[in-house]
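Naming follows writing order (A, B and C), and every chain is counted from residue 1.
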Amino acid sequence: MSVYDRLSKLQISLPTTAAPSAASVPFVRTGNLLFVSGHIAKKDGKPWVGQLGSQMTTVEGQEAARTIAIDLMGTLHSALGDLNRIKRIVKLMVLVNCEPTFTEQHLVANRASELFVEVFGEIGIQARSAFGVVQIPFGSCVEIDLVAEVR
Amino acid sequence: MSVYDRLSKLQISLPTTAAPSAASVPFVRTGNLLFVSGHIAKKDGKPWVGQLGSQMTTVEGQEAARTIAIDLMGTLHSALGDLNRIKRIVKLMVLVNCEPTFTEQHLVANRASELFVEVFGEIGIQARSAFGVVQIPFGSCVEIDLVAEVR
Amino acid sequence: MSVYDRLSKLQISLPTTAAPSAASVPFVRTGNLLFVSGHIAKKDGKPWVGQLGSQMTTVEGQEAARTIAIDLMGTLHSALGDLNRIKRIVKLMVLVNCEPTFTEQHLVANRASELFVEVFGEIGIQARSAFGVVQIPFGSCVEIDLVAEVR
């Protein structure tokens, strides 16, 4: 199955990447590497606000992380025109907006990691760093950036 | 206008990069990529101490971020001898030392992003991740690292 | 002295990298770059739990950081089969799980940075970002990821 077939089967439609601000952009390609900006979790088009460990559960955080993975795939599609040009998802950095008592950042991150594998198969398996941050722009609950290798 | 002309016009003089510690350095080049260490905000040569959301305003944080951008350019100049050898500012990571209630990390980061565009033009437009951290070395209010592509 | 001689002299034996989860792995190689996942501090095989500035001292954090550096070298050995294939330790990102009052993240990070230099010599000197985070998976006190250049 191709990447787009898998997206179809998962009933995922890729969003269009928001217009970039004047001074930064959703991605920059250098050589065969694509550096993708931090994408914040959104719900109904607005920042998905909340902190894990108090206002949100791990399960909700996982859903937010999965949503970001979809947005990141939308950006990759915008960047390359064709997701089949992805050679490898190299590295995810997953930031979880949380209380100092919340220690399940890896479980939140897993839902994003897993979706990359569901969609891209073996080349979707990434290196990853996940940790808790004190806050994220607009109060969003999760933020993820990534590095991908392209053909 | 060249990069140095733009710096002149903005009345910016680039600082000399501080002598590296024994075990880490301000930058490492690998192939055409330059990985630049996290630079903390300084004022009058000392760490610019403060947390956003309590001790410092967004506007002050923006000024601190702009100051770091200048220091980063100083490091790029040291690394390359000539800023015209920069092919692209690829990625900024902007860390804001803040309270859990502060959600304007992107606004703080904008001032650094914008200065790269003012000085480098189109090749200064970067991918970026910005988020809030609980503390930064020496209590500094903002820290930024970057990846650049060089010729 | 070779890298392995230095490890011997320091009485360091490299651990085997834990089996990867289904959706992420300890490292991904792309071209000549190796992106290594965030490794959390462990003690006796379990997460080394604690926050700097309250439950742990800087000296304890340094010991934890050194332990992670050893684990990272174990991963590099697993990735390459031979640590002599490392051309350069390019960049460390050092995350310290700490209170908002703790400002010695750089001192914690130094112990990891220094071990890379002790073992790899000049090519072990890295670019680095260190900062404080509100929490780390499993409550671990320090987390470090890295980028290395390989032959």
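Note that a contact is a pair of C-beta atoms (placed from the backbone, for glycine too) under 8 Å apart; a residue touches a chain by one contact, two chains touch by 3 or more.
In this text the structure is predicted, and so the values were computed from the model without any measurement.
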Between chain B and its twin chain C, rotation from the CA superposition, multiple of 5 degrees: 120
Copies chain A and chain C touch via same or different residues, half shared test: different
Rounded Å distance, chain A centre to chain C centre (Cα mean): 24
Multi-chain contact sites of chain A, meaning residues that touch two or more partners: 31, 33, 100, 133-134
Complex contacts: residues of chain B adjacent to chain A: 31-33, 87-88, 90-92, 98-106, 109-110, 113-114, 116-117, 124-134, 147, 149
Parts of chain C lying in touch with chain A, wherever the complex brings them together: 20-28, 30-31, 33, 35-38, 51, 93, 95, 100, 133-139, 143, 145
